[in-house]
Each structure stands twice: as structure tokens, then as C-alpha cells.
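Presented sequentially are two complexes of chain A, the first with chain B as partner and the second with chain C.
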Partner chain A sequence: MSLSDEEYDNENQGLFFGDEEDDSYNKDLEGEEDNLIVVADKEDESETSRMFKTLSSDDLEEEIRREVNDVMSVLELEYDVASILLRHFRWNKERLLEDYMDSPDKVLYESGGGRPSNNNFSSQSSVSEEPPTKKTRTVKASRSGPLTAIRSSLRLNAKTKKSKASIPQEIVGNTSPSTTTCEICCDTPSDPSSMMYHPRCGHTFCKSCWRDYTRGKVEDDRIINVACMQESCKTVLLENELKELLDENIFARYGQFIQDSYVLHDKSLKFCLYPACSHALRTKHQVNQTSILTVVPIATCTASTTPPSHTFCFNCETRGDHRPLICALATKWTNHVNEDAGSVSWIIANTKVCPKCQKPVEKNGGCRSDLEIKDASDKVSRSRADLEKWLFYYDRYMNHEKSIKLENQLVERIEEQITSLVNTSQMSWIEARFLQHAVDVLMKCRETLKVYVKKQHRLMLKDVGEGFKEGRWKFLVSVS
Partner chain B sequence: MSSISSKRLAKELKEFHSLNLVGVTLLKADDFKQWLVGIEVMGESLFQNEVFALRFTFDSQYPISSPEVVFIDDGVHHIPPHPHVYSNGHICASILGQEWSPVLSVASVCITLQSMLASCKAKERPPDNDRYVRNAPLSPKNTRFHYDDDTV
Partner chain C sequence: MDARLRRVNKEIADCKNDKTSNITITLIDDSPFHLKGTFPGPEGTPYEGGIYDVDIVIPESYPFQPVKMKFITKVYHPNVSSASGAICLDILKDAWSPVLTLKSTLISLQSLLCSPEPNDPQDAEVAKHYTTSRSSFEETARYWAEIYAGAPPRGKGTKPPSVGKGTKERDEIAIAGLERAHVEQFETLGFERTKVIDVLRRLNYRGSNVPNISDDRIVEELLK
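Up next, the complex of A and B:
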């Protein structure tokens, strides 16, 4: 129920007294209430803008284009192919260049970026995957019909294998060399030249099947390297091929998915956490396991100029500012609150504290703990005290949380208030903005108080002198 | 059910009969939603003389989307003990998931699974069988398998 001291023993105990933020906390302890607001002052804001760069969707696109152009010029490839390779290597340029230098054919084959002529690189098991040249295409297409599944790797005995190998011609039904029937929907379009389609690998199917297939891959599966429909053909469709097949709005989303994958695979990039904000932020912080023990990378997306500001923690991806708590502790608190929320609210709603033993007792019964009191060891009474304290902090935290929710409603109403104020009084619209400002400040204070409660709880658990701890506890109880 | 999937399945059904695949028999194909196929491993193998039943369930997106394929236990047939077949009938095979291609068909899936059974070296369940079966979704299509064995 309550956090035990042992739980924190594993953590670096000196963390909070090492940097300047903690100095302000030491002052708090001396009762200087003015110092309670330690979050985000001016200096912090300039620091934030120095360490984070907000990138719009266009900036991202530009950046991706630069990366691809880079690879394109180094490896002397076409733009689309370079793009496929980069996506295949999850935007890891170094590894791509290294592998490509080692064996370009293999990289091109495996990533599906190769031109048909490059696809010849294959192991002996994929003989049937050889990209057909124009002349043999139709025949190949029919041979590599449904039964290509019988690959040479399958251990069929020679006899059955032979009998199977003769089947595909019939199963596909494309006995005539000119493929006019789509193998997938079994339709025979009246005008094959405009209704059949094949990407550069030459596997021909009807356009509507290609459309369905690419839409499913892009929209539902969010795959950015869409391979050819032919079984075991690795050729990835080029962007202009997709553009031809996809509806305009889906193709636009495809561009978005490419950006998503670019951001996902770059550790120094992250999308703004706020809904409907499509900006990404690049940090100069070294966000790694050791650095986050001393640095709290709070980022503010500059895309939003009106409140609420898009502030979030770059590392633990929580909205708002949880300084001075480091991510590990902030997450611990959140988990603890989430875990306990149910049981604690039940305790608050259904129990009373027994006047004798201070234990929460269900309201519908009396205290039956006479015996227990006798047996109560120090440990029991300590955990009881811990529970009481945890409830104390939890209660305050939840109150702030609830207030924030209510104030969010207030934000929505404030615009009306301002309008009515302008209409009924002599005040100008700009003057009436003070209301808006007041709400902003209120919200900020709430956020700060929330963090303050967490921090106080943390300090309560910390290994400070018992007397000091008690004194602070009494002080807190008396001020609240 | 869309006309494309019906049309395609009608064609597959016709071809299925003309193919006369060895060891593959259509048990039930009354509609274009669900088929039952019996498969038997021919030649020498651990599953000699055993017949298993596969249930194919097609959605309206077939063949663009893969069919749901599971082994079923209906009293007559049982689920083969195989390192890629879970005891609830779910099959871990890449062609039924990520590597599904619209050119594949019921017949080709049957042949692949037949060869998967034929190459079996030990009659045993996958190592994570209990854990998977306990939490498995109803349809194996909702599972993200990790395909780690390229030998079969």
C-alpha cells in the first residue's frame, strides 16, 4: 500500500542534492514558501529553446529528402531506390553504406529496392523468383502462380514434386501466353492495356487488385515498403508507382507514415505529445539511461502559441512538467497512484479510522482489533503510519488533479466571459485578457503544486533524520 | 461477401477438383466463407497414415487479405503435434501472416502445410505452447508471430 523505504534504497540517494534545483528544495524545507514554485522560470525557458528544436511536417520532409539525397549521391542510385534502402535500414545511414559497400547486390535484393536486373541476386532456393524479362514475363507469371509455395526448400520426395511441378499451368488457367486474366480476382478485363498493371518487376495483375492491395498495406498495416503481390517477389513499389495506385488522401498519409518511421527510428526526435499537433522536436540532450538520472528533458513545442503550451517530458513521455522530480521517480509516483487509485478510493469511501488504533475500519462494523493491538509489532504500526501519510499525499494530489480537470472546463468558458465582459463594460478586449492570463497562471500553479506534493512525498520517504521528518510532517499537516 | 472473393473461390474450387492433389481432400465447401480440407502426409514421415482437418475461413477481402487457417479437432481428426502447431490448432507459418501473397491459394497453402508436416523431426508442441494457448486470440490472424525457423 505505501512505498517502503527499502524500495528507494536501490536508487541514487544523493540525486536531489546535487544540482541547483535541489537547492531550492532545501530552502523549501526551511519553510520559505515563496520558493515552492521552482519550475520553469525564464532561464529554463531559454534553456528549453536552446536544447530543443521544433520541426514542422515540412521541415521533416526536407530533412528526409536531404538524407535520401545524401545516400543517393554517395551510392550513385536513383532517388526512389535510395529512399527504399534507407527505409529498409530504418534510416540507419551508416549501416546502409557499410553493407552496401560490402555487397551492393545483396542489399538491393533484400531491401527490394533493386531494379529487376539487380534482383538476380538470390539463393538457389529462389530460382523461380527470377525477375522475368519482358519477353518471358507472361509465361513466368503463370508459372509462379499459386503453387510457387512448393519451393525447392520443401522436402517433398522427388516423385510428388515432379507431379506438382506440372500443375501450375493449369491451376492459374493462363494457358495463353498473353496474360489478360488477373490471377487474383480472376477477372478478364476488356481493355488489358489500361486495366492491367505491373510495377517494375513485371508481375502483372489487374489494377483494381493492385489498388485494394496497396491500400490495405498502407492504410491498415502501415507498411512503408510495400512489396509486389507476387509470392516471394521482394520488389518494393516505388513512390511514383504507389502514387498511381493510391487515392490522393491515402498517398498523403503514406508520406506521413514515412515521416513517422523516420521520427520513430531517430532517438533524438519525437513527435509532440499533444493531440492534433504534427510537429516533431529534436533534442540536443543526450537522452540515455545515465543522463536521465540527472537531467529532466522537458520540451516545449513552439508550434502552439496559445495556452495550453505543448510541454512534455522528452524521456518519459508524460505531458506537463514534472521537474524537479527525475523521470524514474515521476513514473514511480504515477504508477503508484494508478495502482492504488482503486483501493485508496475504496478505503476513503468505506472506512473510518478507529479512534483507538488509528486503523481504517469498515464503517459497517466495529473495531475488532483489541487482540491485534496487543500483537502489533513496530512494523505494523509503522506501515500504518506510512499508509496514513501516503493517503495524505494522495488526497492532496488527487485534489489538484480534479481541480485541473475543472479548470480545463473553465478555460473553455473563459472566452465567453471575456466577450460578455467586453460587451457589458467599457473594457477593451485586450484589457479583458487578464481573465485568460489569470486562468493560465492558475493552471501553472496547479501543475507546480502537483509536483510539489510528489516531491514532498519523496522527501518524506528519504532517509533524513527521524525527528526532522516528523517535524516536517506536523508542519505539513498544520498548513494544509 | 464481395464478388471478387466469391469469384476467386469459385474458380479455386473448380481447380481444386481438377488438380487432384495427392493427400489433400475437400471435406466441406458449401459456401465461400468456410472450407474444411483434410490433409494427409504422403510418403515416409512421422505422421504417416494420419489425416488432419484444416479449417479455412475467408473474409470479404480475400485474396488480398490472408485466409484464417487452423487445424481443428472434431473427434475424428486431431491437431498434429508439431513444433509450429499450437494445441489450439493455430499454425505459426509465415505464409499465413506477413508473407501472405494474393497469388497464393487454398491449394498452395495445403501443399505448404503438408510439407511442413512431412519435414517434422519430432512430434512435439512449440516451446511456448501453454503460454500462447492461454492468451491466444480467437483467430490466429490476430497474433503477431515471430517466424524464427526457415528450415520448413
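Up next, the complex of A and C:
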């Protein structure tokens, strides 16, 4: 964190009490049953940019390189090995350093980053040569048991020579030229020296098998630490080994997967939610369980300069800006809307309100209220009133939502309009842009109104002054 | 020739040439990618003497993707589904290596029968039985081996099992791994035998677990 305390305070102030308006909100809400509603009103763009940093794909790569270099210099390892270790530890540098200090050999063996000689660490791979049928063997954990059994029983092939991962590279290196048949595809290449391949652990198979294998692992399984094909050999292929085996475009995707995993395992990093945007955002102040009740971390990815702007909530991962509602309430609203949407639209389409008892009545029959017991309790009528209110807000919310959808079509048409305007009148293209601006403003207003409706519903649930309520109500009726 | 076909042919041939492992691989239909593997139950286990058939499907991207295997013969084992024969074994999933062969995988299955892993079960009811009462589990596994896998009768146990593969009527109580007395106790209350067996098996009414389950609880379940 490079910000001084002072700056930090300023920022928080800006976030909660952006202007006069906010203070008045807070006064209204004093003494509420929960402190959920603390208004985090819209700040200007600079506020967002101070909270978040947009990282391009290259920036990410650079950052990953820096991390690996760090580990590399501290542990005095090669770059590739340090990279494998970091990926194995899911980019948790502290844990990696700690574990490595404890027992470097173990870490190197388990992560598959070790030189082949390090694989000697595996004491388990020293095979007990008992046949699998002896009962004494059952004591062993079955996870390693079957494999042990395989090793002891596969004496047929020349494989036994190589099946032990603990053979040092030199020995395998000497024997490998004589292995001209690939064990996997059972093919005998005409030119073993160029068509056979082995990574640094020395397990030799034909190159086309290696290619198929690595492509499957990277492209289909999205595995970033690709282990050797030999059973129980943990050695992970180095990046340059993969580069030799993979097609160029798949290798490029491999780089992307590494970045994905880096972002996934760093809580302060998130990819921009907008499709086809490859930028990531890093938050400078991590929100926690308590602070999320007062802060709305709205992030704007600076990758997009033209609308729609890439704005999303860093915490609840919804697109757009749901301020002044906090995440918990915004999600609640969305869930309600999604859940109730079906039944509400059915009620609207198929029922009418009974003029006597105000219940929704299906149009195909009469109201049965006469037959019902008359003592509808207070609770029921209150619930009904609440539902009505909710429906009022829901209605308006959905209207805005629909308008936004319609206006999205408008955005597409506006481009044509501008072109035709430029062609038919004397207006220059830049002058004709006012149309575009108009639509942008309209969209923004719609978004704001949409959130405003949600917020109003929330406020309505609270015990606020009647006058205040009425005013807002009138306002809502008039704008919608 | 297709690399996959070449490899499968070689594996089948290898298996034929190997007389020591007692493992056979045969074609089920015309496709060389749908096979049947057979191996004997390992000695010193309840499965001893039985012959186990395994359905093998070789996927498109074999050997880079693991083969799909499931038991055709019914097996009473924590890591094998007693209903479908599905197998829970690491090398059939993420621990697969292209170097492994059909034969080595079948050998692994054989040794899976020696060493069950009840903490990572495929069949939770069987696993519970295994952890609650080992002797009762082994008796049931043995009974299954005798009636489904054709293992020779051992001649001990509460009742003589039927001879041969499914010739005479089967004892549903022994198949479920329950005590005859327990089943009869609830049968006298007027419940159907199959229902009683089903409930008692689900509740794992065996060995040390019996005192933990009240009769009321069982009756409640039976009435559902």
C-alpha cells in the first residue's frame, strides 16, 4: 500500500460523505434498526481510479514475472523452476517460502519442479516387490497400492527399467536412444533422434504423442503444471519444453491460463466482467465482511473509453453501478426480482383485483371472499399492503429495465442516424455527435432511476416521516 | 493405422501372451474399443475364487484420456457401486497416465479389491457397513462373490449359500448384509420383508450400530 494514512482517510470520507446530500440522508436514517444503509453516493471517476488500478494483459505478465523473479532470487532457483513452484502453491509466496525453508527437497519433489535427481526424495516409489495378492500389502493405502502393484507386475516390457522415477538422468539418457518404439502409440519412428522426445526427467516417448498429450492437458483440461506422461513421474514440463511441443496459438493460450490462475488466486484482483475485455482490476483497499456493509466498491475498467463503460461492482460481481444500495441489499433485490418475476407477471396478466376485498382474483371466476372467514387478521392486511408497495416499485423497476433494453437498440440505430445526418446536412461528424451524447445521458439517467427505485423501496420499509415519504412517492409517480 | 487402434491391438496381444497374470481381454461386439476384461478375485480376500468381468470402453483420445471401466459382475466393495458397478479409483480419473495399459489398470482394480478405501467411497452404504463391522462386511462380500462371481462356497456362515452362479433362490437378507433375527423381528410386526431389508440396510443396522438405533426409529421409517 503506497497511500499514506492521510490520503486513506480522505478517501474514506469521500466515499461515505461525498457531499451535502449525503449528510442529509444520514440524518434521515439516524436510529435505523440496522446500519446497513450508509449512503455511498456516486463519486467522480478520479475516486474510482484511486481505488482501483486497471492492469492490461501485459501488465499482468510483468507482475507475474516480478513475482517469479522474487522467488527465484530468494530461493536461488532457476526461473522456470520458481515459476512451477509458485503455480503449485497457487501463487501463495509466503507459504511457498515457508515450506521450502522447511524441506526444499520435499517441495521440489511434490511440485514437480525438481531436477530428476531430486526425485530420489520419493521413498514411497521404492517398490516393495511383493505380489499384489499377499494380504500384508493391504495395510498400505490403496492410493499408492495399485500403482505399486502395477510396477511389480509389469516385468514384461522393457518398461521396468524406466518405470522408476528415481533413475538419474544420465542412465536414462544412455538407454533412451535404444528405445526406438514409443510405448504409447506403439510406433517405431524411422528417425529416433529427431522424432523421439524427452523432457528433463528423461522419459522418452515419440514427439507426436507428447504433442497430443500436452495439447489435451493445456487446451481441454486447462492444466498449467503439465506433468510428465510416465506414470507416477511428477516432473512438470518447463515452459520452453511446452513451447517446443505446443502449437503457437495454444502456447499463447497457455500464457493466458497462467494469468487466469494468477488472478483467480489473488483476492485483490479480478478480471473485468465485460465480455472480450481482457483487463484485470486490482483494488487498493480490500473490503472485508464488515466494511462491505458501508462501502460499495464500484470499479470502472479504464480499458474502454467509449460507452458502455466497463463499470461493475468489485464485490458482488454485478455489472453496472448499484450505488447507493450496498451489495447485500442489491443482491436481495435482484433475487427478489428474478424469483418473483414469473409469478408477478402471471398475476398481472391473469388476475384482477377484487373491488371488495382487494385480493387478486383470477378472471375466470368470482371472488370467494364471501365464503371465507371474515376475520382477516391485521397481519394479513399488512402483508398485502407491503406486497402492493413492493409491486409498485417492482413495476417501475421493470419499466426502467425494459426502457434500457429498448434504448440499447437506440444506441445501435444512432450510429446510422449520425451518418445520415452528416450526409444530408452541412453538419460535420463531430457536431453530429450530440446525438450520441444525448443517448448516453439518457442511458445514465435510466440506470440511476433504476437504482433509485430500489433504494426508495428500501427507505419505504423504514419508518421515515410521512411528508418525506409522500414527496418521494409523488416524485416517483411523476418520473415514471 | 490409427495410433489408438494400433495400441489397443498391441495391448490385447500382450495380454494374450502373458499367461501369468490370469487376466484376459475379449471383444464384446464388433468394435475394438468396447472390450471385456476378466480377472480372478485376489487371494486372501472375500473375493477369492470369484471371476470378475469388467466393461471397458476406450475413449476417442485414448491413451491421453483414461479408459472407462465398470464392473459387470456385482461386487460388494466400498469403492464400487453395488447397483451400477461404477468404480472410484484415482488412476481412472486424474491420476491416469498414458503409460498405463488396460492390463495394468485391471491389475489395479484387482488390488483395489484387496485394499478398500472406505474414506473415499463410491457406495456410501457399503462403506458404512465396512467401517461398522468388518466381519459382517466380509461375510456379505463373500456371499456376493459366491452368488454373483461364482466363487466356491466356503461352507461356513449361518446358512449354506446356493451353488453356482444364480441357480437357486438367493437370500435377500444375506445380500443386504443383515442379521436374520433382526429382519424377522420387524417382519413379525407385519411389515413386508423387502421393506424391512431396505430400511435396515439404509440405516446401517449392523454390529455396534444396532444399540444406537431405536426400534421406534425403524418403525417410523417403515411407516413412511
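Everything that follows uses one rule, which is that the second predicted complex is superposed on the first by the 365 of 480 C-alpha atoms of A that agree within 3 Å, B and C clash if a C-alpha of one lies under 4 Å from a C-alpha of the other, contacts with A are read in each partner's own complex, and residues count from 1 in each chain.
The definition used in the following text is that contacts are C-beta pairs under 8 Å (C-beta built on N, C-alpha and C of every residue); 3 or more make two chains touch, one makes a residue touch a chain.
Predicted, not measured: the structure shown is a model, and the values here were computed from it.
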item: Partner chain(s) touched by A:231 [first = chain B, second = chain C, both, neither]; value: both
item: Partner chain in contact with A:186 - chain B first, chain C second, else both or neither; value: both
item: Which of chain B and chain C A:212 touches, first, second, both or neither; value: both
item: Contact residues common to both interfaces of chain A (with chain B and with chain C); value: 145-147, 149-150, 153-154, 156, 163, 183-187, 205, 209, 212-213, 216, 229-233
item: Residue ranges of chain B touching chain A (in the complex, touch as defined); value: 4, 7-8, 11, 15, 18-19, 22, 42-43, 61, 63-65, 95, 99, 101-105, 107-109, 111-112, 115, 118-119, 150-151
item: Complex contacts: residues of chain C adjacent to chain A; value: 3, 6-7, 10, 14, 18, 21, 42-45, 61, 63-65, 79, 89-91, 97-100, 103-104, 107-112, 114-117
item: For the chain A and chain C complex, residues of the former touching the latter; value: 132-135, 137-138, 140-143, 145-147, 149-150, 153-154, 156, 159, 163, 183-187, 205, 208-209, 212-213, 216, 229-233
item: Residues of chain A defined as touching chain B within the complex; value: 144-150, 153-157, 160, 163-164, 167, 170-171, 173, 183-187, 205, 209, 212-213, 216, 229-233
